[in-house]
Each structure stands twice: as structure tokens, then as C-alpha cells.
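Let me begin by presenting the structure, written as C-alpha cells, before commenting on it.
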Amino acid sequence: MIKYLMKRMGLMFITFIITIFLFFFFIKLMPDNFVPSPGVGNEWYEQLAEKEGWNEPIIVQFGLWIKNIFTEGNFGYSHIMNRDVSEAYFKKIPASIKINIVPYFLSVPLAIIIGVYAAIKKNKWQDTVISVWIMVFISIPFFVVAVLSQYFFYWKWHLAPDYKIATASEFTELGFWYGISTYILPVIVLTVVSIPGMARYVRAELTEQMTLDYMLLARSKGLTQKQAVFGHALRNALVPILPGIFIGIIGILDGGLITEKIFRVDGTGRMYLAAFNGRDYALLMLINAFGQFLTLTSAILADVSYTLFDPRMRVGSGKLS
Amino acid sequence: MMNINKKDLVLVYEDDKEIVDVSLESKRIGYYQDSWNRFKKNKASFVAFIIICVIMFFVVVGPYMRGYDLVNEDPIEASRLGNLVPRIPVIEKLGIFDGTKTIQAGKQFLLDMYTNEMGQGIILSGMPQALIDNPEDPAYADVNMLEVVVDHYKYTNYISSYKPERYYSIISQNEINGTNNDPLAEVKRTLNQEEFDVEIKNNTIIDILQILETQNPDDPDKPFFQYIVRINQFKSSLGTSDPSSVYFWFGTTDKGGDLFTDLWLGARISLIMALCVVSINAIVGLTIGSTVGYYGGVFDLIMDRLVEIISSIPFLSLLTLLTIRFGSATWVIVVAFTATGWIGNYRTGRMQFYRFKNREYVFAAKTLGASDARIMFKHIFPNTLGYIVTGLALSIPIFVFTEATFSFLNIIQYANVTSVGMLIQKGQAVMMQHPHLLLFPAVYISILMIAFNLFGNGLRDAFNPSLRGVE
Amino acid sequence: MKQKVLEVKDLAISFKTQYGILHAIRGVSFDLYKGETLAIVGESGSGKSVSAKTILGLLAGNSIYESGEINFDGLDLTQVDEEAMHSIRGSKISMIFQDPMSSLNPIQPVGKQIAEALINKQGMPKAMAKERVIELLTRVGISEPEKRFNQYPHQFSGGMRQRIVIAIALANNAEILICDEPTTALDVTIQGKILELINELKLQRELSIIFITHDLGVVANVADRVAVMYAGKIVEYGNTEEIFYDPKHPYTWALLSSMPNLATSKHLDAISGTPPNMIFPPKGDAFAPRNKYAMKIDFEEQPPMFKVTDTHYAATWLLHPDAPKVQLPEATIRLRENRGKLHYGK
């Protein structure tokens, strides 16, 4: 199994290098991607040109980019921010985590509970209500839900203290509790919209597991419906779902563009939009590479968790160990 | 023993006659007929299907229903009709979408409007009786702003043709600062002789404030006249002197465009693009996928690696890089959505063909000498069609969803068209003052998404009865 | 007289389906005596499995109880609540299923799955349960039980899995074992061994077994009595000998004729036609349209159970005293002629 994982990781590493090189290549080809020369005799400019290899072929520049990451921790110079992009970018991660972490830890258990409840009450009215709710929130785009919630809860009904979250200065001016209270609306919205997808998945998996023969055997050996569902079906249903839950943890690091735009979170998502609007290529390169890194790490994590939770994967199917 | 007729105790079949399987007595129903029957039984999906048809009708016809194009003919005049609230015939009687709006304006301004002839019937409620009886009422001495309910159409006509909202504040500012700003500047028009004649003919002029005379260098006997006038905005722009007969069903945008028209235009753009993207993805993905699935071998191995790399490129990165490089022309967006979008269809095609090619009936066809192409099109494709159609039906809402999201984020910004996502983004910026600009596009996209998802689910259940209930 | 342990009386169950009400069983009655094996034989869809699942109260949610009684231990199982049913399942009545592949939880070690029955039912401490499980595994013929205890179902072969299922079913010393086609999914060589195991356990523990199958060959090996089901009704029942050597119902004849047999050199007689659609059950004898010996009355009226001997009954108008005498099918005659020469029965 370790061999299999090593092979997967090797392949993913190759994929990673190829894709970020493609990003790099494409970004370097942008016609306006250069640091304007401030005139002759600027030492720092020449040093930078030397360090990032601006006059070299792209493949060499790519090599230098990687080298600089490992030797100096530099991810590229942004002439828009006048500094190395990584400093600015990684500082924004905590703000993104702050807004994402509570919805994540709320939505996972709630989604499982709701999914299980719907599966147990399958075809009863409770299931119908949950299914309708799931359908609505899966269908309506997140940004619509978020914007409408701002409109109704803040502008119309005045239930929320603000339509955006408090900034650091507002935290100090208006007090900690006020600051926290501005988080309530976005946290609720994020939780409510992240439940349905997973709840639907849980419901589907569990309904399928409950129709399988081993449930009949479990019942016929004397387990109650409850014991059989929670002892057998639920565990089996969660096997394909758990990797997704783990990937969610990584997703916390990555701020959502929409959330951060709508609720004015000063996190990585907004930085991405700023980089996009300001054509900050060094920053775009960093964010895309980092995003790609997170995606592929999640994929590996998913593989590992599959093998952890499913004994069939662990020992190789059908073979005696 | 039971009382039975002995005559019934006789054998009915001849000795040697073989009993053959009787054919089923029901009408023969094809797979698609059967699927359609199942689909019709699923009420939610059937309703969704009807809603989609209605939406399609409006997408085709909607942009032409209003015949209102002032934004393109005369953007400046149109913008004077901006942000009108929705007014829908019949529904207005229910008290919603009746063209009324609660506004805040200066006390003096409102009083003046309430009393003068041009302002009759604008304020519907909210004007304090005490103030009407006595404009100097001491109870209101410190009140500068009042909140009243107005007929927003008449009100807009009043402020854009007769007296601007800022009239009295400009006057008082002039007094304080000693400046000499014209309080009527916003509504004054300067017309030359020809324009003046046209407006006279249309009878849209409210009053003539001033006539300017300038020398005609060619003919000193015939000087040029310029007329500074106030004209009735609705009458000159919309051809009706009665604003209450004007209906903008969904209201107007900040530029004075009809939101109803804009919304369906935006919807049309995204749906046409959705069809393009979905069909390109389907054709490319399914062709490659089915070939790979059917033939397998080295080709399969190579494609497998290639697909893994392509599919690992995040859509967001792809879209942002492409739009930065090439702008937001529709073709760029289509390229962005198809560059990695065909992978899903590729996998479907590959999996389905791989699965069906090992079925006995395919072997049988092969043994009978059918060519590969015949097997693929005649024997395998029809079996996978239901699955594929379902996938396509579900990928239309996914496109609409994604496109709207990125328009909303301003990552997609079409130069000369407005998509629904962009409408919502603009609406969000002014949702406090003009909620209708947010609500209509938001409701449209929500209904569309729900309808498409229900429809897709219904199709899936109809084509795969065994999957029913297992989502 | 043997002790009657289970009595099913006039049981009728239907299912709500998309296309209408499906009448799965329409008045089934049989008794089960202590220490005997009753085989229920019939085509798929004849209602065998439904009868069995009804006894254990394991029907799907869309089932409708129409009428009838299931008397066990002084209780009518169609009327008892889930709580009482739960105390019967596993400890009094147990069941094993057709596909051992899917009837075990794939992600739980088998030992745990057997132990669970003990811990849940008897409140046995874990360590003791493990000991008992190892005993059980040995009993059902699994070697190296200690090692096997922690293995997962996919690490076992089909036959071994079925042994584990049997171990689970018998963990709490059930008195009645319902076997729902337990050997259908297995290789023929393994089939025999599993049947042997079931027979052994039956003798050892005085089990009463309801054995559901469509395979008459298997019936001959295990059954003391046989009930033949068709379209939701029992059409004939009697001792194994009686059913094999003196069958009365045309459907039984047809079944016997379609059974491969070393003595037959001729081609097999398949039963032509298809079973009736149970959403619209036929008015008369359900088998009539496929029956070579059908009489006019078969299409009009359902035949009652005619008594052949004290133990042998059949529902066919051919047993009516006024019915014409018919020539028995060749296969059944040959079977009777070869009685004793072939290895049937135990």
C-alpha cells in the first residue's frame, strides 16, 4: 500500500511541476508583465533582474523562481506592492481561516446529522422537507444567497450589526463583542450553504447502504434498526465521504473569493481579486502555485484517508494477507 | 365438496399442442417512450420542465417585448429615467410592484411639490397634515427631511423635468457661500430653433425660461435664437404625458435601461454560451472518450496521463489567466470553459464504452461481422445516451452558475453585453437604494437553477429507474 | 406427534409499487415441526423470500400486511411490535441469505460481526464473546479461527463467508433457521459442503429449518417436507418422498421434468410461458395458462387444497373425483421407477 501511495505521490509531483510551469510560462508571456526600469544605475533593479533572470529564457527563469523559493523564501518581486509577494500573501491566511473555520466545524456534523435523519425518514415528510431545502440551496448560487442575506438581514430587517465583518480597527474602536457579532451573519450563511451538498451525499450513501444485504443480516441477528444503522450502515456510508471532509480542512486555508468579496474579509480571496484587477503577475503566480499545491495535497490526503478507512483498500482486494 | 359444474372439468389443450410463451398484451413501449412516461410522473421535474420552457420563451422573445431602446438612442435622456421602481400591470393592484417608493427629501421641496400644479398626485402618503395646513408649523421647525411615499414614476418625471431634488439646497448654499449656482441647471435644456420647433410640435414644453439671441454672421437680419426651456421628460422621451400609464415591469437600471429587457438579454447570453460550451464539451469529450474506451490499449494509457494533468489545472487559474491575456470576449470565456470542461464527458464516454464493449450483445454483434463504427453507433451509443443526456442537462446549470459567479466577481466582464451575474453585482452595490436591481436578477437565477436541477434529476430518474431515490 | 414450533396461517402480503399493488403472497399456510427441514420451492417471484422475511418482520417499508397469522411461541408475529420482534430475531429465529458476499459488512472484521450478536443479545463481555466466536468459527469449519477473527470478509472465499453467516445466525442458539437460497451463489462443490454443515447443525441442535430454494436437487438432499409455491400460493405440499415420487400438481410435475437428472437422456422440459404479473393476479388457477393439463374450470375458479394423504395436499382440480385422468409426464414416471436406485434423500 505504501508503494501505491509513493507512486501516486510521485505522479502528482510531476503533475504539479508541469502545471505550475504552464502557469509560469503563460504568465511570463503576458505582454505587460515586466518591472518597469527606473533608469540606469539603479542597483536594486539590476540585482533583481539578475536574481529573477529577466533576460534569460523562460525555462531558466522558472528554475530561478524555484531556486529563490528554496534558498531565500522569495516567491517573486511585485513592483505593484514593491516587495516580495509571499510576505504580503501569507499574512492574509489567518483572516481567511478565521471566517472559514467555524462554518467548517459546524457544517460537517450538521450535514451528517441531517443526511442521516433524512435517510432514516426516507420518503416521509421530514425527508421531503430536507430534500427541498437541499435542492434549493444546492441550486441557488452562493453569491446570491450571501447578497440576499445581506439585503434582508442587514438592510431590510436590521437583524445583523453590519453587512460586512469588522476590520481590525473597528474591533478596537467598537469593542470585541461588536467585532465578533459581525461574524455571525457570514458564519451562518457559510454554514447553511455548505451543509446541503454533504447532507445530500450522506443521505444518498446511507440510503444505499441501508438497502444492502448485510443490513438484513444485521437485523436478523438481532440488532435494532438503530443499532444496525449506526453500527454498520453509517460507518460504511461515511467511508467515501470522509476524504471530502479532510479536503475541507485544507480548503479552510484557501479563502473563498465570493465570501471575501461580499463580506469584505481581508483575506487571501480578496488578495486574489486584487492581484487580478491590478495585474500583479508575481502575486498571481504565487497564488496559483499555492492553490495548485493545496489541491494536490488534498488529493493525496484523500488517497491516504481512503486506505485508512476502507480495509478493502488496505490489504488489496480479494487477496489473503 | 364444492358445487362445481362438471362440464368445466375438461382439458382445454390438445394433447400434443405445445404451449408457447404468449406475447405480452401491453402495447410495445420503446425505451424513450418509457422514459418520457416516467418523467411525466415525476411532478416536480415536470413542473421544472415547464418553467424552463417559459424561461426559454422569454429568453427568445423577452428582449423585444418592451420595444424600449432609449439607452442606445439617447443615453443622456435615458439616464434621467434611471432607477425607476418596478410596476407590473394587474400585480400592482396587490400593492406590490405598483411603482410606489418611499423616499426621503427636503421638507421645503416636498411642500412645494405638494402645493404646486406640476406636483399634483405625486405624494401618495406620509405628508403630515399639520405641515400642509401650516407650512410654518413650529412642530416641524427643526425637521429638514421628510419621508413620504410617492408614485415613483411621477416623482421622477417631476424632478427630471420641473424641479430637481436639490433645488432648495442649492439656493440655501448660494446664500451661505455667496455663490451663484443655478438651482434649475439639472432640468434646463437649451434648444436651437429646429429642436424647439420639434418640441413645440410635440407639445412637451412646460415653460420657456429664457430666449437667447445671437448674431447670425451670414445674415444679420435673421439672428439665431436659443431657447432655454423646461420640458416634460416622460412626454419627450416616452411620448406620454401621464407617467402613471408607464410600466417598466422590472424597473429600470441606473442608466435608464429597461431591466426586463436587460435581464432576458443577459439570460440569453449565458444560455447561448451554455449551449455552446456544453455541446463543445460533449462532442470533444465523448468522441475522444468513447474512442479511448472502445479501443483501450496504449492510447488509453497516454490519454490517462494527459487527462490527469489537464484536469488538475484549476478552473479559476485558467479563467483568470485567459481573461487577463485576451480580455472577456465571449469566445475567451467559451475557451476557458471548454479547455478543461471536456474531461467530464471524456470520462463518461470512456467509462460507458468500456463497460458496454464487454457486454455479450456486443460480442454477438461482433461475431456477426459488424464493423467497429457500427457497433459504436448502433449498439453502444443508444445505451449510453440516457446517461449522457442527463449529464448534459445537468451541466447547463453548472455553466450558468459558474459564469454568473465569475461575472459577479468581475473576473468575467463582457465589453458590450451585460450578463445576469454582472446585473447582480451592480445590484448589490446599490441594494439599499434600489433593491429591485438586485432582487429580479437574483430571483431569476435562483428559479433557473432550481428548475434545471430538478429537470436534470427527473431525467436521470427517468433514464435510470434503478437509481430512483438514490441521489 | 412432533411438536409444532411455527405455524403460518393464511398469510397475505402485498407491496405498494410504482405500477400498482403487487400481491406477493396470497394466503400461504404451513407448519414447521421441531427438528425438521421444510423446503419451500418455487420460481423466482413466487413469494418464497417474502414469506420468510415476513416471519422475521424484515419486509421493506412499502409492504402491506393483508391478513393471516404467524404463530410462534404463543405470539402472533404479524401483530407484535418492533421491540418484541427484536427479541425474537437472532435468539429464537435466525436467517441466512443468498449472497454471502453482500450479507457481511465489508468493512468490519468478521469476528466482530459475530461477537456483536452475542454482545448485543446476551450482554456477554467482550473477551468471553471472542472465545465463544472462536468456538463457533471452529464449529462451522473455519481453520485458524484466532487469525481469522480479525480478518475482513473480502479475505474469505464464498463458501467460508457462508459458514461465517451461519455462525452469526446460530450464535445465539436460535431454534428456527430460515435459509434463503443459501447455496445459490456458491460453486456446486461448495454447495454440498454447506448443505452438509446445515444438516449436521440441525441434528446436533434440533434446529427447525425453513429452506427456501428453487433447486429441487438441493431439496432432495436436505428436506423432510416440501412446499411448492407458485404465484404467491402453496400449490402442493407433502413429505419429500411424496412430492418426488407421487406429485399431484401439474406445476410440481413441470418442475420435476425440468430438473436435470442422471437418468434422463432426453432433453429437459422447460416450463413454457411466464409467471403471471402479480399486480393483476389471475382469477382462476394462476398456473393454468402454462399448464398442459389445464381444464376449463382452472380459468374460472381457484382450486381448493385436495387431500391426498394425511401429509400430502395439492391444489389442483385434477384431484377432483370427476376430473379426467391424465397421463403423467414421462419424467415423473421415470423418477418413480428409479425410486431407490438414485441417490435422493438422506
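Things worth noting here:
As written, the chain order gives the labels A, B and C, with residue 1 at the start of each chain.
Criterion: a contact is a pair of C-beta atoms (placed from the backbone, for glycine too) under 8 Å apart; a residue touches a chain by one contact, two chains touch by 3 or more.
Computed from a prediction, not measured in an experiment: that's the story for all the values here.
When the C-beta contacts at B-C and at A-B are tallied, the pair with the greater total is A-B. Chain A has its Cα centroid nearest to the centroid of all protein Cα atoms in the structure. Taking each chain's centre as the mean of its C-alpha atoms, chain A lies 54 Å from chain C. Our note on geometry: chain B versus chain C, Cα centroid distance of 62 Å, whole angstroms.
Each chain gets one centre point, the mean of its Cα atoms, and the points for chain A and chain B are 29 Å apart. Across the assembly, chain A contributes residues 122-123 that each touch 2 or more other chains.
Multi-chain contact residues of chain C, defined as those touching 2 or more other chains: none present. Chain contact summary for the complex, chain C toward chain A: residues 53, 56, 58, 61, 82, 86-87, 89-91, 94-99, 102-109, 116-117, 120-121, 151-152, 154-155, 165, 168-169, 171-172.
Across the complex, chain A is touched by residues 308-309, 312-314, 316-317, 320-321, 324-325, 397, 401, 404-405, 408-411, 421, 424, 427-428, 431-432, 435, 438-439, 442, 445-446, 449-450, 452-454, 469-471 of chain B. The residues of chain C lying in touch with chain B in their complex are 18, 272-274, 289-301, 304, 317, 320-324, 326. Against chain B, the residues of chain A that register as touching in their complex are 11, 15-16, 18-19, 22-23, 26-27, 29-30, 122-123, 135-136, 138-144, 147-148, 150-151, 155-156, 200, 203-204, 207-208, 257-258, 261-262, 272-273, 276-277, 279, 284, 288, 291-292, 295-296. Residue ranges on chain B touching chain C, taken from their complex, read 1-2, 4-13, 18-22, 41.
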